[in-house]
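Look at the two complexes coming up: subunit A is in both, with subunit B in one and subunit C in the other.
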Partner chain A sequence: MTKNVLATGLIWLMAALVSGVFVWLLSDILIHGLPQLSWAFLAEAPENSGRSGGIGPIIVSTLLILLVAMVTAAPLGLATAVLLSEFTRYDSIFGRLVRRSLDVLAGVPSIVFGLFGNAFFCIYLGLGFSILSGGLTLACMVLPILIRTAEEGLQAAPNDYRLAAAALGMPRSAALVHLLLPSAAPALLAGLMLGVGRAMAETAALIFTSGYVDRLPNSLLDSGRALSVHIYDLSMNVAGGDANAYSSALVLILLLFIINTIAMSLAKQWLYRRVVSI
Partner chain B sequence: MKKWAMIAVSTLIAWAVWGFFGTKSDESEIEKLVLTGSSTIAPLAAEIGKRFESLHRNVRVDVQTGGSSRGVSDARAGLADIGMASRALKDDEKDLLQFTVALDGISVILNKANPVEALSKQQIIDIYTGKITSWKQVGGNDAPITVVNKAEGRSTLELFLHHFGLKNTEVKPHVIIGDNQQGIKTVVGNPDAIGYVSVGTAEYEASQGAAIKLLPLEGIAASVENVRNRSFPLSRPLNLVTRSEPVGLAKDFIEFAGSPQVNDLIEAQYFVPVPR
Partner chain C sequence: MNEIEPVDKTRMNESYTLGPLQAGPPCCDPEPLIRVDNLTLHYRKKPALENVSLDIYKGCITALIGPSGCGKTSFLSVLNRMTDMIPDCRVSGKVHFNGKDLRDPALNVQGLRRDIGMIFQKPVPFPLSIRRNIELPLREHGISKQAELNDITQLVLQDVGLWDEVKGRLESSALALSGGQQQRLCIARALALKPKVLLMDEPCSALDPISSGVVEDLIQRLRGKYTVVIVTHNLAQARRIANYAGFFWIKDQRAGCLIEFGQCKQIFEAPVHELTAAYVSGSRG
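Take a look at the complex of A and B:
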C-alpha cells in the first residue's frame, strides 16, 4: 500500500516537474518580454543592432522562409509517404531503404544541414545568402519528420476502407483522395506542425543560408534574418539586447501558437466534412 | 470557427505578401556589397551599412556572420567583397589588405571601495583559476574574492582568456554575466567582486558615478585613450579585409567606415574609434 502511494506520489512529482519547467520558462519570457511588446515593435525595423526599434522585417522574413520550406516539403513529403504506405509493401527492400535513410536524416544535427545548405544552395546553385536557400535547407531538414508522421497516419487508417473501396470498384487514387487522406488528416497536420515548429526554432541551419540581413526582403533571393537568428544575435552578440531578445522570443512563441491553433481547427473541419458527413 | 481560421490565415499570408511586394523597387539599378566574417563586428558593420545605404541610393549592404576566419577566407576566395576580422591578420594571411575600423579593449574592474590598486598578470590568473581566494593575499581586506566571468560565446571572454592564456574550463567563476552593463552592476553591488568589461563602457559608467575602478594592466592605465594609441595590452583591432586594393563601392564603404561620420555608431557598440 505504501509502495503504491510512493509510486503515485513520484509520478505526480515528475509530472509537476515537467509542467513546472514549462511554466517557469513561459513566465520568464512573459515577465521580461511583455513590457516591450507593442504594435510598433511588431511593425518597425530594428535600430541600433536590434537594441531599439522593432522586428517587422524579421517577422516577414521568418514567414517567407517558412512558406518556402512548407510549400516545398509538404507535397514532396506527402507523395513519398503515400508511395511508402500505399504503393509499396512494408517489408520491401526499397521501402526499408527509404525508411532507414529517413531515420538517419532525422537525426542529423541542424548545423550539418546548415553547412550542406550553404555549400549546395548558396554556393553550388548560386542562390547566395537568400530566403530561398534558407527555406530549401529547412525543407530538407523537415522532410524526414513530415514523411514519417504522414506515413504512420496513413497506415493507421483502417484496412476496411481500402477493402471497401476496392469492392466498390473505386480507383486507388479516388480511395486515397476521398477516404485515406482525410482520415489521416490529423496525423498529416501534426507532422506539418512538428515540421513548422522545428523550422521556426532553427538557428544553426539558417545563419549560414538565409543570413543575417535585417532589412525587409524585396525578393526571395534577398537575405533575410529569421526570428531565431535575431534572438540568438541579440542575446549572445549584442550588449544590451537582452530585453528585445525576450520580446522576440515571446513573438516567436505566439506565432507558433497561432499557426498551431489555425492548423488544428482546419484539420478538424476537413476531417468532419470529408469523412463524417458523407 | 472556420471563418476565423480563414481570416487569420489570409491575414498572415497578406502580411507576408505585402512585405514581399510592398516595397519592390527597380532591381536592375541596385548595387550589392557583401560583407562576411566576425560576429563581433557584424552588428557594427550592419549599422554602418544602413547609414551608407541612406547616403547612397540603389546601394545595398548585406552583412553576414560566421567568424573572423570565415571573413578572411571569404574575402580571399572572392565570396565576399569585404571580410570582417576582429583580430590582426596572421602572418600567412598577409596577402590580404586590412583596414582598422575600430578598436576594442577590455579592462579589469573592481569596486571603488576595494583598497587594491593594481594586480599583476599572474595575480589575475591565480584569482580567476581559484588559487587566490581572499583579497588579503594580494594586499587587500580580509574578504573572499567574488570572481565574475563572462558567459560562453562573448568575444570579451575570448579576448580575456587569450590574453591571460587561460581556458574557460580552468576559470572558477562565482558569477557569470552576459553584457557589459550587467558586469558593471554586479561589481557595483559587491565590494569584493572582480570582473572585466569593455573599456569604453567601463570608462563611461565610472565617469557617470558608478562605484567602479579600472585597474591598470602591466602598468598601463585602462583608458579609451590608451586603447586608441594602442599602448593598452588587452585590446584588439576590428578590421575590414579585402583581397586587393578596394575599388568602387567597396572603396567608398571602407572610406566611409573609417571616417568620423560613423564614430557615434562605433561608440554605441562600446568600441573605440581609431584616431582619424
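Take a look at the complex of A and C:
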C-alpha cells in the first residue's frame, strides 16, 4: 500500500518536474518579453543593432526562409516517403540504405548543415548569403524528419485498404490518393509541424547561409536575418539587447503556436469534408 | 443490369439438393468458367498449395471447405491475381478464365479484377461516405457521369438490400454502418463493377448470426447471375448454399491440396475420400 503511494507520488513528481521546467521557461519569456511587445515592435525595423526599434523585417525574413524550406522539402519528402512505403519492399537493400541514411542525416548537427549549405548553395551554386540559400539548407535539414514521419504514417495506414482497392481493380495511385494519404494525413501533418518547429528554431545553419542583414529583403536572393539568429545576436553580441531578445523569443513561440493552430484546423476541416461524420 | 429477382424462399431452401449426383445442378450452368489445372503455389520456398485442379462452373456457388492454413484463401487470391501483391509468391500450373490464360503476365490485371471481384473476411469499407464508397471504384474505371453513378449506386444498394436502410444518409460515413451492413456495402461495391465472378473469403465469419444470415441470403440470390466461389469454415453454411464443394486438406504437414471436389450434396452425403467423410461429419478437423 505504502509502496503504491510512493510510486504514484514519484510519477507525479516526475510529471510535475517536466511541466515545471516548461512553465518556468515560458513564464520567464513572458515576464521579460511581454512589456516590450507591441504592434509597433512587430512592424518597425530594428534600430541601434536591435537594442531599440522592432523586428518587422526579421519576421518577414523568417517567414520567407520557412516558406522556401517547406515548399522545397514537403513535396520531396512526401514523394520519397511514398516511394519508400508503397513502391519499394520494406526489406530491400535500397529501402534499408535510404532509411539508414535518413536516420544518420537526422542526427547530423545543424552546424554541419550550415557549413554544407554555405559551401554548396552560397558558394558553389553562387546564391550567396540569401534567403534562398538559408531556406534550401533548412530544407535539407528537415527532409529526414519529414520523410520518416510521412513514411511511418503511410505504413500505419491499414493494409486492408490497399488490398480492397486492388481487388476492385483500382490502380495503386488511386488507392494512394483517395485512401492511404488521407488516412496518413495526421502523421503527415505532425511531421510537417515537427519540420516547421525545427526550421524556426534553427540558428547555426542560418548564420552561414542566410546571413545577418536585418533589412527588409527585396527578393529571395537578398540576405535576411531569421528570428533565431536575431535572438542569438541580441543576447550574445549586443550589450543591452536582452529585453528585445526576450520579446523576439516570445514572438518566435507565438509564431510557432499560430502556424500549428492554423495547420491543425485546416487539416481537420479538410478531413471533415472528406467524410462527413465518423 | 444487375437486377436480382426477389428472394424465392422455396428455391433457397432446396438450393443444395441438386438432384441426381451425376447430372449437372438444375439451377446453374454446368459450363466451366474458370479452369484450374495443376495449380501449385509457393510462398518463398514453402509450398502452400500443390497440384490443385478443378473447374468453377458458371452461375454456380462453389464452396471451398477445409481446416485453416490449407490454402483455400491462397487459392482464391490466384483467381484474381491478388498473389501479384505478395512478394516471393510463386504460382505454377494453368488457370483459364473464359478461355483466357489468367496467369499471362501481359494480362490487364485491373480489368481482370473488375471481372473477378473479391470480398474479404473483414468488411473493408473505405473511410468515405456510403455514396463515395461505391462511386470511387466506378470513377476509376471511367464512369464519371453523375446520373449514371447515381443509378448504379441505387441499383446495387437495392440488390444487396441496403437501399431502404441507407437511402436517407448516403452522404454519411460508411464506417458508421454495422458490420453486416458494411459487408453488404462491400458486396454492393463489387457488384457495381458488374463482375462475372465474386470470390468470397469467409464473408460471414466476422459477423453476428443475424447479419450473417442476411449476407448468406444475399449470396444465395447472386446465384445464376454471378459465379460465386466462397471459402467458409461454416459447414452448415456451405451445405445450405453451395452447388459444388471442394475439400482442402494439409497433406503431410506440408502443403494444402484438394482432396475431393464434387457436387455439394455428394461431398456432404456420399464423400468418396475418408478424410472428407471425417471432416464433414465433424470427427476430424
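Basically, the second predicted complex is superposed on the first by the 274 of 278 C-alpha atoms of A that agree within 3 Å, B and C clash if a C-alpha of one lies under 4 Å from a C-alpha of the other, contacts with A are read in each partner's own complex, and residues count from 1 in each chain.
What we mean here is this: contacts are C-beta pairs under 8 Å (C-beta built on N, C-alpha and C of every residue); 3 or more make two chains touch, one makes a residue touch a chain.
Keep in mind the model is a prediction, meaning the values are calculated, not measured.
**Student:** With everything superposed onto subunit A, say whether subunit B and subunit C fit together or clash.
**Tutor:** In the arrangement built by aligning on subunit A, the partners subunit C and subunit B fit side by side.
**Student:** Taking the superposition on A as described, I'd like to know which of subunit B and subunit C A:129 touches: first, second, both or neither.
**Tutor:** A:129 contacts subunit B only, not subunit C.
**Student:** Touching A:67 in the superposition: subunit B (first), subunit C (second), both, neither?
**Tutor:** First partner only.
**Student:** Angle at subunit A between subunit B and subunit C: what is it in degrees to the nearest 10, using CA centres?
**Tutor:** 170
**Student:** Thinking of the overlay built on chain A, is A:89 touched by subunit B (first), by subunit C (second), by both, or by neither?
**Tutor:** second
**Student:** Which holds for A:216: it touches subunit B only (first), subunit C only (second), both, or neither?
**Tutor:** Touch status of A:216: first partner only.
**Student:** Now for A:192: first (subunit B), second (subunit C), both, or neither, which partner does it touch?
**Tutor:** A:192 sits against neither subunit B nor subunit C.
**Student:** Contact-wise, after the overlay, does A:147 reach subunit B, subunit C, both or neither (first, second, both, neither)?
**Tutor:** Touch status of A:147: no partner.
**Student:** Per the overlay, which chain contacts more subunit A residues, subunit B or subunit C?
**Tutor:** Ranking subunit B and subunit C by residues of subunit A touched puts B first.
**Student:** Give, as a whole number of angstrom, the minimum Cα separation of subunit B and subunit C in the superposed three-chain arrangement.
**Tutor:** Between subunit B and subunit C, the minimum C-alpha distance equals 20 Å.
**Student:** List the residues of subunit A that touch subunit B in one complex and subunit C in the other.
**Tutor:** After superposing on chain A, no subunit A residue contacts both subunit B and subunit C.
**Student:** Can you check the complex and tell me which residues of subunit C touch subunit A?
**Tutor:** Touch residues, subunit C against subunit A: 80, 82, 85, 87, 109-114, 117-118, 120, 122, 124, 126-129, 136-137, 140-141, 171-173, 175-176, 186, 189-190, 193.
**Student:** Any idea which subunit A residues touch subunit B in the complex?
**Tutor:** Subunit A residues touching subunit B: 48-50, 56-57, 59-60, 63-64, 67, 123, 129, 207-208, 211-220, 223, 233, 235-242, 258-259, 262, 265-266, 269.
**Student:** Under the definition above, what is the set of subunit A residues touching subunit C in their complex?
**Tutor:** Answer in residue numbers: 89, 158, 160-171, 174, 178-179, 182-183, 274-278.
**Student:** Contact residues on subunit B for subunit A in the complex?
**Tutor:** It comes out as residues 1-2, 4-5, 8-9, 12, 15-16, 19-20, 23-25, 27, 34, 39-40, 42-44, 46-47, 60, 62-66, 79, 151, 153-154, 178-181, 198, 201, 268-270.
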